[in-house]
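Here the structure comes first, spelled out in structure tokens, and everything after it is commentary.
Chain naming follows the written order as A, B and C, and within any one chain the residues start at number 1.
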Amino acid sequence: MRLVELVEKIGISYSGEDCEIVGINTLRDAKEDELSFLDNPKYLKDLGQTKAAAVLVSKKYESAVPKDSIALVDDEPYLKLAFASKFFAPEVMKKEGNEPKFGKNCNIGSNVSFGKDVVVGDRVTIMPGCFIGDDVEIGDDTVIYPNVTIYHQCKVGSKCIIHSGTVIGSDGYGFAHTKDGKHIKLYQLGNVVIEDDVEIGSNCSIDRGALKSTVIKEGVKIDNLVHIAHNCEIGEHSLITGQVGISGSTKLGRNVVMGGQSGTAGHLEIGPFATIAARGGVTKSIPGNRVYAGFPLMEHKKWLKLNAMLSKFLRKSDTIVK
Amino acid sequence: MRLVELVEKIGISYSGEDCEIVGINTLRDAKEDELSFLDNPKYLKDLGQTKAAAVLVSKKYESAVPKDSIALVDDEPYLKLAFASKFFAPEVMKKEGNEPKFGKNCNIGSNVSFGKDVVVGDRVTIMPGCFIGDDVEIGDDTVIYPNVTIYHQCKVGSKCIIHSGTVIGSDGYGFAHTKDGKHIKLYQLGNVVIEDDVEIGSNCSIDRGALKSTVIKEGVKIDNLVHIAHNCEIGEHSLITGQVGISGSTKLGRNVVMGGQSGTAGHLEIGPFATIAARGGVTKSIPGNRVYAGFPLMEHKKWLKLNAMLSKFLRKSDTIVK
Amino acid sequence: MRLVELVEKIGISYSGEDCEIVGINTLRDAKEDELSFLDNPKYLKDLGQTKAAAVLVSKKYESAVPKDSIALVDDEPYLKLAFASKFFAPEVMKKEGNEPKFGKNCNIGSNVSFGKDVVVGDRVTIMPGCFIGDDVEIGDDTVIYPNVTIYHQCKVGSKCIIHSGTVIGSDGYGFAHTKDGKHIKLYQLGNVVIEDDVEIGSNCSIDRGALKSTVIKEGVKIDNLVHIAHNCEIGEHSLITGQVGISGSTKLGRNVVMGGQSGTAGHLEIGPFATIAARGGVTKSIPGNRVYAGFPLMEHKKWLKLNAMLSKFLRKSDTIVK
């Protein structure tokens, strides 16, 4: 889309040349034909280095936009980004494209629906009622149980197992907010990448990245009813048990263990070989190789001690009451 | 159904005229051809005003039944209501009715199943594997991703987005209990009404109302794996994040924010612009415009303080131990 | 499979006769043609009594293997069991077998997929988009709402109701761990047995047993988004409300009530008529007929007291601060 046309649609004016904009990206990764934005001042250092064709910024940071980029100045750059994102979303179901391409000895059940340009490896089983969206790739020997949904552009590795009801690639929960309290969708333009040997239980939701990929690395095993939000990265061989929720952009190192019903806030890093006990709630980035528990989170042995203290406190008060 | 026939089926006798009963309703809203009930004495004030044709009541409250209504006296009026509810439930799949009626330029995927008398607006996308039940209405420009289920009689507004695996209109969790510990289903006779501009993530469950509607108001955005129980009302532009659970008959005002894995008890009111932090558990009705956290719930700043105190307590005890 | 062949595949050698192995079972229940294992020394008493054809054990316990069984000695018997389990798993979709057999007056929706050798009772409703796997049995008068998945070999009783998106019989979360941090799947060879008059809400996940059955007993009512792990037994007429998670091998007695978002650890027993308040986390076996709350769990009245004490403590500190 031409920049002149885009700014008109989102209600911005600028001075400068027109150019073709083909997508949206972060300041750091934007190419010369992409739109970017500065929402959080912590990315100001990236602004000076960006190659983006144009950058949505507030007046305050206009001067920091590199001379080869066009500054699109607005009071609410993130809101304008949301309006713009809609124009870079692919059509919901591609009308044109190739029929799915299957490897050898695949086993495809009844009532499976495929989008366009799907590529399926050898010896893949896709059971009845699944939906495999446009441009999805599925590696060899993977088994997909009934009624799984894989959204467009997601990639599933080899020797994976995905259980029924699981949804791969639904939109991340991303909205910009207007001054009068409405929420404008940031179209989610990334995808989900699932590496090899991953098993995912039933009725899980793994959201696509906002701009890039949500990544589930090799050997990860996920239990049922797990929520993994957009832009997360789950390290190799991590164990994510039932009903865990991982908020957006959080990264787990390798071999992290998350106990049942535990959760994390967003934008955190959890070090490799960390264990979060059941119900633990991670609110800060934490080093690996330790066991944590509680909400707010603390080291597991502290949590045990805190509970022992509270218990003692309670017993003492019983005595006093009597 | 004739009242004489109904009471025979549920094992009650009464003195009075026969009449046609067409449905079940609350004391307050029952019309002259509906059955109602008094289970909880807090609704006694409604009993005197009811227009219901007949009211299930215990002996104690028989005299409070208006003279134009028939008192159906029983020790266990709620249990008898449950038995009666079955006879007012629609057939699970209508055998007769019209084929779905589509507006202009709809995009309907493969393997979509429709019930009877469905009405779909213009430019609606319904992706593969969805089920759209009897008498469902869907507004213009709405997108329904694959493998979504919408039960009979539910209404979805315009410009909504519903992600895969989500279930709209499953039965609320309503049972009457027998003296020997069994649970008798209250057939759920209401529906779900989703207003315009609502987005619902993947694998959510939104139950139909017991007698009326569960309502998701305009502009609400719901993340993944959220449970909304029967009779709830979610106020305009509220944000309900991942794995939240909202118990039956709870009402949220507009622009309420519920953090990840938070929850509420039933029959509460949460004021407009209230924010519940992640994991907060709401056990009482609360005023709006404040931030809450913890379980039991408290103001967020108190919760921070409590945690600081416990942390200090723990450190001090470390010192003593040493 | 011949034992000689099996041990070669899993990398063990043994001295003794060859024999046919038809399955895997616990020490206690293994028959003369089954393979068993000793992983946890607490089952040592069962080892002396086992009838298993062969037993995977560590060197230390080799001498305790009965003389009619063959000791398969390995440093990591559980890991070897995992490798072996793969060879006893049924094919994912049976290629041969009978078409489904329906009783009288069934009502089967469009886009329903059946495996082989399915047996369906009288007056059963199966709505569109469901998958009913190989060898599944469904009792009379049961209603299965759209997009439900029932894996192979599971049994559903009479007069059950299963709501949309629910998955019955997905694999339990069972893995053996290698020394370098990988996880090897224990193929889940059991099933799920749902007795009569059970209702299950939408988007629930009920995993199949590892070797035997996960059992949901008569009259149990389950709400939405509930996770029941492998080998659990849910006692008659228990009430399991929204977003509850029950970990593997935990047994609930009859008429247990679990409040919203509550959970249990694995391998516990919860006595009959116990009530766990919302958010309660059960970490030890508990007697029945009491009300519990909190995490860690305590009696509900203690939990109320603890909260009152903390609240007082907080108020007092407010006064001091002022």
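The rule we apply is simple: contacts are C-beta pairs under 8 Å (C-beta built on N, C-alpha and C of every residue); 3 or more make two chains touch, one makes a residue touch a chain.
No experiment lies behind these values; they were computed from the predicted model shown.
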Discussion item. Rounded to a multiple of 5, how large is the rotation, in degrees, that superposes the C-alpha trace of chain A on chain C?
Written reply: 120
Worksheet item: Interface overlap for chain B and chain C, more than half of numbers shared or less than half: same or different?
Response: different
Discussion item. Using Cα averages as centroids, what's the distance between chain B and chain C in whole Å?
Written reply: 30
Practice prompt. Return the residues of chain B touching two or more other chains; collapse runs of consecutive numbers into ranges.
Written response: 111, 129, 147, 165, 203, 225, 243, 261
Discussion item. If we count contacts the way the header does, which residues on chain A are in touch with chain C in the complex?
Written reply: 107, 109-111, 125, 127-129, 143, 145-147, 161, 163-165, 199, 201-203, 219, 221, 223-225, 237, 239, 241-243, 254-255, 260-261, 278-279, 307, 310-311, 313-314, 317
Worksheet entry | Sites on chain B touched by chain C in the complex | 92-93, 111, 113, 129-131, 133, 147, 149, 151, 165-167, 170-171, 173, 175, 181-183, 185, 203-205, 207, 225, 227, 229, 243, 245, 247, 261, 263, 265, 281, 295-296, 298, 302, 305-306, 309
